[in-house]
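Common to both upcoming complexes is chain A, partnered first by chain B, then by chain C.
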Partner chain A sequence: MSTIIASHGFTNASLEWEAWLDVIDLEQASADQITVLEESNPKAKTSDYYLFLAHQPAILRQRSAAFNAIMYAPGGMSRAERELGSLVVSRINGCVYCASVHAQRFEQLAKRNDVVRQVFEDPYSAGTNAREQAIAQFSIALTKAPNDISAASIVALKEVGLNELEILDLMHSVAIFAWANRLMLNLGEPVLPLTD
Partner chain B sequence: MTHDLIDVLTGLSAGSRLHNLRHQREKVALATQGSYDSLFDPALEGMTLQERLLVALYACRLAGSADVAAHYLQRLQDIGVDAAQCAAADSGNPEQLPVGRVRAMLTFARALTERPVAGDKAALHALPAAGISTPAVVALSQLIAFISYQLRVVAGLRAMQLAGHHEESQA
Partner chain C sequence: MLLPDDLAYADTHEWIRLEDDGTLTIGITDFGQEQLGPLVYVQTPAVGSLLQRGTDAGVVESNKTASDVHAPVDGEVVAVNTLLSETPQALNAAPYTQWIFQLRPAAPFDAAMFLNAEAYASLIA
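Now for the complex of A and B:
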């Protein structure tokens, strides 16, 4: 990470996360639980988040399949723009942990963090160009008032150049963070790594 | 063709333009349906199917997604739901139920759906205090969070459908 940004309680610094209830014990885990952890994320076996969700391996398997397909599938909307949508949702929902992770992913993919700074500062005006602004606006709208999303919301995305597959990808990226943020915010809490 | 609830709820028929587009992301569609199937698996450990459907109904209602709520209400009626519990989820509030599991689950559903940022350790620990096991807490949390995802996918696809019709009528 090139520059640490800290603003309005949000940061792009790396955070840890601790569960508020008992996580599974890897020594006692079933073969299926181990397999699901390996499918979910490269760091799942050392992550409280995944070790907690692994209490229900069949549900976690499907959640991870959805998450990974939405965020990493080739084609359609660029991965950086999907991360931008997820970052805006996490900022709106107040998920400091998710915002940190996806701010870092955005910067890794886009090689810049100007819009990260803007999203932390004020997501409602964020975006370094009309396309990013429209992505941020749609992400906020689908997060805050999903039933008010209309044809006009879609037209606004098309007007800045998004095609239909990109719109579908953005919609999925926003929706999956309605899911992820709720778990991260309510099952445990971010912990700052030890600093001086 | 396998059953796909999102297609049903959004009225996407096979061969339509938006159906084709959505199923370009087939892994997402399959895992979305797979999540629904695993969350409502009758054999799931820790929560009865009725409890899960009550939570889903209440979460949809709080989010204002009447048509997705109608799906869960129908499923509850199909399995024969407790009238007082159904009334609390469909039109009332958790406090009208006696202290116990369903009241605790609906209270947690309200917190996650309406103000996820306000969640704290005490709110989570209220669940084991109501006799809900850790695997059931995981199922409950995944279920409420999934509903927040599901109703946004439905809302987004509906808007895309309307935008598509609008374009066709302009063409």
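Now for the complex of A and C:
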């Protein structure tokens, strides 16, 4: 078990998420809703997030296909760095649940949580090396002011060694969680683990 | 639950097959893949890398979680299953066919250091 980090309202602890609106009732669900839940995630049938999105099974199906393609496509940016980009955008947008998920997955993949702590503490200075700092800076910029991204922003990533496929993966990782953060922030709230 | 008799098993849910040339073929067990669920990513070690027993040799990842794959013994990675980078779910479908990496052990393989099928079955029961 990793060290639990709690800082500025964010944590790498496992959280639940509770919808504010009605989720689908599995006993009343259509065959298509059941199918898309089974396709989406092993925990989807017990997750408020998936059970809510399953109101629109066609959109959930597209969401899951996009998520898998962006986060798991072979080649390009490493899995850990994709999680780092997603962690930073979630930190900036204030999505405590998403940040916890990406913090945990980064840690599982990278076998360390130093940069997770940094992102929670101060995302603007986060990064254990120049490459991570550039990834964090770009993720922040794309989240806060996408119109201000320019060729210079790309050059800054190339200067620390990212190739164009890695940069595209980073953009996609930030973009899909810019969207997912908004869904989770507006449709429900994180449920923190019980403390003694 | 598939559990071939001709393999050795680690308590971390890898299977190990001793090949005729002395190399080891390593994958994850049917139980292991079932616990993870449909795989979305498999990270293999670099060919030529030297691994120590128990160290991380790769990662298998599903939407649910990511899990390390461990080197069962000291040795050099001589091959990886490149199919899994494009189609990780092939491992779910055929866990004992879709190996992850092959290792040339630093010392002759001793199956007695691992579980046989019966002992592994007891472990996961």
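Quick note on the criterion: the second predicted complex is superposed on the first by the 195 of 196 C-alpha atoms of A that agree within 3 Å, B and C clash if a C-alpha of one lies under 4 Å from a C-alpha of the other, contacts with A are read in each partner's own complex, and residues count from 1 in each chain.
Note that a residue touches a chain if its C-beta (ideal position, glycine included) is under 8 Å from a C-beta of that chain, and two chains touch if they have at least 3 such contacts.
Nothing here was measured: the structure is a model prediction, and the numbers come from that model.
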| item | value |
| --- | --- |
| Joint occupancy of chain A by chain B and chain C, clash or fit | fit |
| Which superposed partner A:Val36 touches (first chain B, second chain C, both, neither) | neither |
| Chain C versus chain B, contacts on chain A by residue | B |
| Superposition-derived angle with apex at the Cα centre of chain A and sides reaching chain B and chain C, degrees in steps of 10 | 130 |
| First (chain B), second (chain C), both or neither touched by A:Pro74 | second |
| First (chain B), second (chain C), both or neither touched by A:Leu87 | neither |
| Partner chain(s) touched by A:Lys111 [first = chain B, second = chain C, both, neither] | second |
| Nearest-approach distance, in Å, of chain C Cα atoms to those of chain B in the combined model | 12 |
| Contact footprint of chain A on chain C as seen in their complex | 37-38, 40-41, 43, 56, 59, 61-67, 85-86, 88 |
| In the complex, chain A residues that touch chain B | 20-22, 52-53, 55-56, 58-63, 65-66, 69-70, 73, 76, 93-95, 142-143, 146-147, 149-151, 153-155, 158, 164-165, 167-169, 171-172, 174-176, 178-183, 185-187, 189 |
| Of chain B, residues touching chain A in the complex | 21-22, 24-25, 27-28, 30-32, 34-35, 37-39, 41, 44-45, 63-65, 111-112, 116-117, 119, 121, 123-125, 128, 134-135, 137-139, 141-142, 144-146, 148-153, 155-160, 162-163, 165-166 |
| Residues of chain A touching chain C in the complex | 40-43, 68, 71-72, 74-75, 79, 105, 108-109, 111 |
